[in-house]
Amino acid sequence: MQLLYFAWVRERIGTGEETLSLPGEVTTVGQLLDWLAARGEQYAAALDQRSHIRVAVNQTYVGTDHPVSDGDEVAIFPPVTGG
Amino acid sequence: MQLLYFAWVRERIGTGEETLSLPGEVTTVGQLLDWLAARGEQYAAALDQRSHIRVAVNQTYVGTDHPVSDGDEVAIFPPVTGG
Amino acid sequence: MIVKVQAEDFDAAAEIRTLIGGRTDVGAVVTFTGLMRGGEGATLTLEHYAGMSEKELTTIAEEAAHRWPLTDLLIIHRHGTLNPGDQIVLVATLAAHRGDAFAAAEFLMDWLKTRAPFWKKEEAGGKTPGEAKWVEARADDEKAAERWEEKE
Amino acid sequence: MIVKVQAEDFDAAAEIRTLIGGRTDVGAVVTFTGLMRGGEGATLTLEHYAGMSEKELTTIAEEAAHRWPLTDLLIIHRHGTLNPGDQIVLVATLAAHRGDAFAAAEFLMDWLKTRAPFWKKEEAGGKTPGEAKWVEARADDEKAAERWEEKE
């Protein structure tokens, strides 16, 4: 899976982009966030305030129930502040 | 009194500007409009639909009860359509 | 605050640049430009009450400045004879935040439409040019203006 | 419809002239320009999700075109590092009548603020430059966006 991080999520995790292989039990966005948060301190710091996390799968906003699979581009970022 | 007419009020009366001396009994905008309308057919045609007439005394919008006197600049015109 | 009544065309970008004047506390600029609509050969003649038109636009501008926290604002209104596509009116509002700039610009246009002493006469042009006709005031312009009465 | 995401500055007047393209059925042009506010030496860095940012702005533009009878519209959003007074975003709506142009422009900005994947990082500058800070999303932007939900 192609993972993209933006803004302070990117800074806390320490990279803007990485490719990871999902374990079989991770099938939704919510499970993906839990699994990432357990990967280490930096991930936990980036993802602990779940209400401040937005997720797009293949460049479309989705909720935590949305399915994910290895072929997806999944972006994780804070609420947007453009304009 | 300096009288100014605009748009179709001007066209119907046939002039954009005239100076008239008011008779003593004309002391309000309403009385002025009645007195003008009685001056001839053209004035009557210009002023008969009173709901479509707006009046400014000394460049300020006023109602029909507003006092008028010989020193005033009184403008009579249709509802505005700028912008 | 800039208020102008003029026959000449205007350069909206240059006017707004002048209004901003290098300030860096302006976060939001809203502009409204009114253009003449019409087919080939059509003309629009704008009559105004010289003296009162500028005075009334200034009153409207001051009212907007009083109601919203604006950095600055401008109104330019043309008179004379115009052709399709020509600029008629420009309103611009500067503010720290967009909500104030949008609300003030709409207010300016609504009040201008119902209070500024300008009158439009249209000639349709085309192959069978008819008589020139005075544009009639629109009830929904009155209604648009009324919605600001409650917010004093 | 014009939607652009770019690092370069833009010429709002030229962009709008292109959008109108000599049409004479446009009566109302509303623009919103967002500028960077800040003191001397301050900087603003706009990060965006390349690919999704243009896609999302296009979706927002299409939604506005669907909701209001617009002649055309444009959105330009910059990314990269900006200085005080710099242009950040331009929205323009063209319509026959002003009500539609105003409503659509406000809608575009409200949705853009809450949906377009851009993030601002500010550095205050001045004599005691602090750490750069990510701008926090504002609850009233969410509220402004929500008012359009009921109007579908």
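Going by the order they are written in, the chains are A, B, C and D; count residues from 1 in each one.
Here, a contact is a pair of C-beta atoms (placed from the backbone, for glycine too) under 8 Å apart; a residue touches a chain by one contact, two chains touch by 3 or more.
Source: prediction; values computed, not measured.
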Worksheet entry | Minimum number of chain-to-chain touching steps separating subunit A from subunit C | 2
Worksheet entry | Shared interface partners, meaning chains that touch subunit A and subunit D | none
Item to complete: Return the distance between the CA-based centres of subunit C and subunit D, expressed in whole Å.
Response: 23
Discussion item. Taking the mean of the C-alpha atoms as each chain's centre, how many Å separate subunit B from subunit D?
Written reply: 49
Response to the item:
Per the C-alpha means, the centres of subunit B and subunit C lie apart by a whole-Å value of 26
Item to complete: Please compute the C-alpha centroid of subunit A, do the same for subunit B, then give the distance between them in whole Å.
Response: 72
Worksheet entry | Residue list for subunit C, restricted to those that touch at least two other chains | 34, 109
Discussion item. Please output the residue numbers of subunit B that touch at least 2 other chains, ranges allowed.
Written reply: none
Worksheet item: Which bits of subunit C are touching subunit D when the two form their complex?
Response: 11-13, 20, 22-39, 84-85, 96, 98-99, 101-102, 105-106, 109, 144
Worksheet item: subunit B touches which residues of subunit C in the complex?
Response: 34, 46-49, 51-53, 55-56, 77, 88-89, 109, 112-121, 134-137
Worksheet item: Can you list the residues on subunit B that touch subunit C in the complex?
Response: 4, 6-8, 56, 59, 61, 75, 77-83
